[in-house]
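Once you've had a glance at the structure underneath, I'll fire off some questions.
For clarity, chains are labelled A, B, C and D in written order, and residue numbers in each chain start from 1.
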Amino acid sequence: MTPLAGYLLVAALVFAVGLAGALTRRNAILVLIGIELMLNAANLNLVAFWRYSPHPELLTGMMFAVFSIAVAAAEAAVGLGLVISIYRHARTTDLDEMNRMKG
Amino acid sequence: MANTLDQIFVLLSRWIVSLLPVALQPLVGILLSVVAIIAVFPGLFALTTVLERKGLGRMQNRIGPNRTGPFGILQPVADGIKSLTKEDIIPTSADAVVHFIAPLVLVVAVFMGFAVLPMGRNMQLVDMDAGLLFFFAIGASTELSIFMAGWSSRNKYSLLGAMRAVAQMISYEVPLLMSTVAIVMITGSLSLVKIVEAQNQYTWGLPHWYIFTPWGFAGFVMFCIAATAETNRSPFDLPEGESELVAGYFTEYSGFKFALFFLGEYLGMFSISGLGTTLFLGGWSAPLQVLNFVPSWIWFFSKVMLSITVLIWIRGTLPRLRQDQLMNFAWKFVIPMTLLNLIVAAVWHFLGDGWLRWIVCSAILLGVYVIGGRVQMRGKKFGPRSYRYAE
Amino acid sequence: MNVVFWILAVITVLGGLTAVTLKNTVHCALAVTTAFAGLALLFLQLDAQFAGFAQILVYIGAVAILVVFAILLTRGSETPAEGVFSRTWFAGLLIAAAVFAVLGWAVLHSVAALPNESAAPAVTVLQIGTALMGRYVLPLEIVALLLTAAMLGAVIVAMHEKGEQK
Amino acid sequence: MQESMAQSFHCLYDCYGPLVGNLVLIPAVPMVAAGVIALLKQPRRKTAAALAIGSLSFSLIYSLFAFAYVVSGWMHGLPVRETVNFSWLTFGDGSVDLGWILDPLSAVMLVMVTFVGLLIFIYSTGYMAHDENYTRFFCFLSLFAGAMLGVVIANSLLLLFMCWEIVGLTSYLLIGFWYQKPSAAAAAKKAFLTTRVGDIFFILGIVWLFAQTGTLLFYSQGAGTLEPTALAGLLSAPAGLGLSAATAIGLLIFAGAAGKSGQLPLHVWLPDAMEGPTPVSALIHAATMVAAGVYLIARVYPLISAGVQPGGTTTALTVVTWVGAATAVFAALIAVAQNDIKRILAYSTVSQLGYMMAGLGLGGVAIGMFHLITHAFFKALLFMGAGSVIHGSHEEQDVRRMGGLRNSMRITWLTYLAGMLALTGFPIFFSGFWSKDAILESAHHWSAGHGPYFLLVFGALLTAFYMTRQVSYVFFGEYRGDGHAHESPRVMTMPLAILAFFAIALGVVGTPAWPWFRSFLTDRPAWFDFGGFHEPGLLALMLTSTAIVFLGYAIGWALYGNKSPRAEEPDALEKAIPPVWTALSNRFYVDEFYGGTVIAFYYWWARVADWFDRRVWGGLVALVVWFFGMLARFDRFFDENWVNGGFDKGCEELSVGGGLLARVQNGRVQTYLRLLALAIVVLAAILIWSSRG
């Protein structure tokens, strides 16, 4: 059976990939996708640690994961709504052009 | 005797498995059931197409297919051959990969849905503890395939159809789920097997099917509506409304892929009505205690076919909705009512046994439905409709 | 080391990679969906049925669709002229790599300390339900509130210009 | 049956039948209905009425079931007293419990309230037919009904008090229902404030009781305040002035009751309350709410009569008795000289309440309650009759401008007559006779002096007198109003008839021959024998009261009978004895007295406070303001000359630095994200590094 480290490494990899996506893509939606990936990686960690914890019957880690999934759904909804409304205003989803807040 | 007949398939598979070396047994056991599913339901599909076409024909005062074979029984075969031999066209501008993957995803997802349906006593592929959740999770992924199909074929009809379909399926997935949650609440389990067993009891020879309770009945109505919408069938067939956008999201499909889509549609119909049967109509349990000697799987399939027939009938009867009507209906009537159903189910549960809960629950439901219906129907006029039949 | 895990891991990571590298946004969305699916299966590998199905239901059933919708509504699927990567993609890549390095380093360092496989917990949905209604009822309520708020917020944000258009 | 009764009687903390378990539905359903009606739109009159009446009829049916349950228990010799108690809020180791109770007292009261209430609801559909605030009216009505029923079933003084206050509120709302009439608004305010005075004492009593016993439940398996252990404790606890805590608390609670039931000296609000719509007067200010005070005393009777020897009395009881008797006569006297048909009835109500209180004080729960029940029926009848009269003679309320209505309004006339005879206690055939007679009898046997007895007898005489006066004014002679009177619609007369029937028939259950009611309330078996009449002095007593009543009729008829004086010419009695008349017609100047003392004092005090504000505090404030003004000037000076220079310099520095920082703040999400990630990397690195060594 797979050791915990395997899952952790996969999670780390997915997290890194997500981060890379969030950092390198122009399109706001894809940045959001990257963020979703990072969230998922975190969930994987949670579940993995739950599974390998001495008391899995306490359900703590998995519950956390379930809740974070729910929250992620909310986050996606709001984020995409924002992107759409920004697109309505600025006619673009390119983050490099969205720098109105420049100091 | 009756028992062996009832369990015949189970015994059969056991026997076959027992012939094999131990190492292979679990794998083969599963494979057998999978093969069975893959064999049975397409067969049903063929049967249903004939049924639908002839039934609709009669309803629309036509004859329906009657050339191939006696009473056009062989029509599906002919169709199958035709669709297999047809050229498989992929539009030049289409996104070939996605265009190819879409039907596969659809069919696979739909087939997976059958894994948790108990089609008879001890006749389910897996008795998952979260079976219902699994079913819906799989069902959710069909939307994606539809989108892929619509988007990949670079055709505004397809795209529009896909968007409509996805929007509609998402909107109606909520009530579909909600209407089943009541049952989960009462049964205290997400496992479809347990749900059926909970309904497989009799008082005075009458079954404890959930449809025979106030909330169950209301839930069933809601479920039927949502299911019809979920399977994109008339009156909710906007995504493939021929008169509006040629054939919706599979306009650009032809040949075998088209057949796959067709298959997928019907399999979806089967699985959803199988679910409805399992949840509300007592799955494989007999409608009367005295009829218990009839094998359970016969009951299951007859119930499924019955509900399919009803679906066909509805298709032959009701006109198509408009998109806004569709959405309003989903969000302003069906979903609130399913929510209400949850409350009623809770009341039912907490009032405990006795006549009181019947009265209270029915009262609440009736009251709200009457008022809600009034509000929805305010200011709408319905005139009589006159038909003229040819002699 | 079992095979299934590695297959799933590869699927997931590949899905992620393609998602962040592909040009066509819709393809990215589809790729990320496979990544989600892979993760869900990994959950199942970890005997977390409920979480896995929830993952499928939420991510593939809802989030992916949302993303796709957003893409189509913002015409994101047309690849922009000046490349899909932002001007400073290199820095971003470096930093991501650094993050992975740190994380991986951390993991590998603590391999010895990590707990070993315990017997598969027999977690029934019933237990989860009772936990949700018992110990976790407050978080549950809060999440419900949050979701409602999010839904309203999303709706308002996305359609508040309706007045001007009509 | 037997066993279940036995079991339910020896009920442990929370074992009770479903009937009692759901008893709370009785008040709850009308309250919910009120809520729903409140949400209705104004034009939905039918729905509102239907909701109110439907909910109350549900309560009535349920109450009837409860009543039957209690009666059957009692018939099996197993007196029912079932309670449902639950802890409302807990603090430390103490807790405030609420609960409801089903026992003969509450059962009887439930049936009475729901029944009379229902009739009045039906009546109001006719009476308020032309009012545009129909829905609001029914909302208030059913809210009131719910609260009142809550008072009835309450098994906790606190719960009772809550409902009590809601009742007060609804009474306020309904008196001021026609708030556009300034008099109505004023009356509503007056009622609210006056009852408040009583309620303050009441809540003081409650708090004290809680401090003494640590619970407010009436009955809870020996731990309740009305059960021997608690009572013993209260008796032993001294409260100064040689009173025991029991007496003191009893008196405080009685003050509250006096406020609600318009006992002397807090009766002033009740007559003014007649500004409200007549059904309201009938329901709240005759039948139910004002009776709540009496009911309260009956409920806490064990407390008030704590430590009483058989045949003896206690301080609290004596006070109750005297106040009651005094009120009875006082109000009756005033009633003699009123000309507003409803005011007459109002004062008569006050005096009848006096009777009830006296009955409680003298003869115990059964006697007082019996009069309460009978009175509820015939007084509701009288009020609704008055309403019908007013309705029929074009909103005319002055008795001198009516007359001769007995021809034009047949049903009203007959029913009114029945009510009037019942009220005055016409012998044998009318319930009022028996209930009043019981009170008189117990007054006669009272150990502590005959004062109350004579007062009450005098009261009876006056009652007969003023009712005769009113009836002959209203129904005899010829019509003196404008237009011509007409009979009211069926929906209004039908309840009158029903009530009239009960006003007559109810007497049956309270005759000395068959004291069913009394034995029911006191958990004794009842059997029928004429021996009841052979008690010493009883017959004599009955004869006396009969004689008194007829004397009253005679005088009344002599003075007012069948002649129809003009409104402007002085009243017959005034011609006879002017000074008395002026005193009476001015209601003994009680209102003026209060106006001269209490209210004047408040005005004066307000003026003092005002002056204080202006002069003293105002001066201080001005001083402070001036001081700070000076300070500010100084500051300004300082700023302009020293601070600014340095500050400007600092600002320049800052702006330069900000400019540098702003480079980072380039408005790109990804930049921020990148910094974030970098920070994470660094932090994690540090963490791991530190954890290694």
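Note that in this section a residue touches a chain if its C-beta (ideal position, glycine included) is under 8 Å from a C-beta of that chain, and two chains touch if they have at least 3 such contacts.
Just so it is clear, the structure is predicted and the values come from calculations on it, not from any experiment.
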item	value
Chain whose Cα mean lies nearest the overall Cα mean	D
Higher-contact pair (C-beta pairs counted), C-D versus B-C	B-C
Where chain C and chain D are represented by their mean Cα positions, the distance between them in whole Å	64
Separation of chain B from chain C, taking each centre as the mean of its C-alpha atoms, in whole Å	29
Inter-centroid spacing, chain D versus chain B (mean Cα positions, whole Å)	62
Computed distance of Cα centres, chain B from chain A, in Å	34
Residues of chain B engaged with two or more neighbouring chains	none
Residue list for chain D, restricted to those that touch at least two other chains	670, 674, 677
Chain A: positions in contact with at least two other chains	19, 22-24, 95-96
Residue ranges of chain D touching chain A (in the complex, touch as defined)	658, 661-662, 664-670, 673-674, 677
Contacting residues of chain C [partner chain B, same complex]	24, 26-27, 30, 33, 37, 49-50, 53-54, 56-57, 60-62, 64-65, 68-69, 72, 124-126
Of all residues in chain C, those that touch chain A in their complex	1-2, 5, 9, 12-13, 16-17, 19-20, 25, 28-29, 32, 35-36, 39, 42-43, 45-48, 50-51, 54-55, 58-59, 62-63, 66-67, 69-71, 73-74, 76, 80, 83-87, 89, 91-93, 95-97, 99-100, 103-104, 107-108, 111, 114-118, 121, 123, 127-128, 131-132, 136, 139-140, 143, 146-147, 149-151, 153-155, 157-158, 160-161
Interface residues, chain B side, partner chain C - complex	95, 98, 128-130, 133-134, 136-138, 140-141, 143-144, 147-148, 151, 159, 163, 166, 170, 173, 188-191
Of all residues in chain D, those that touch chain C in their complex	670-671, 674, 677-678, 680-681, 684-685, 688, 692
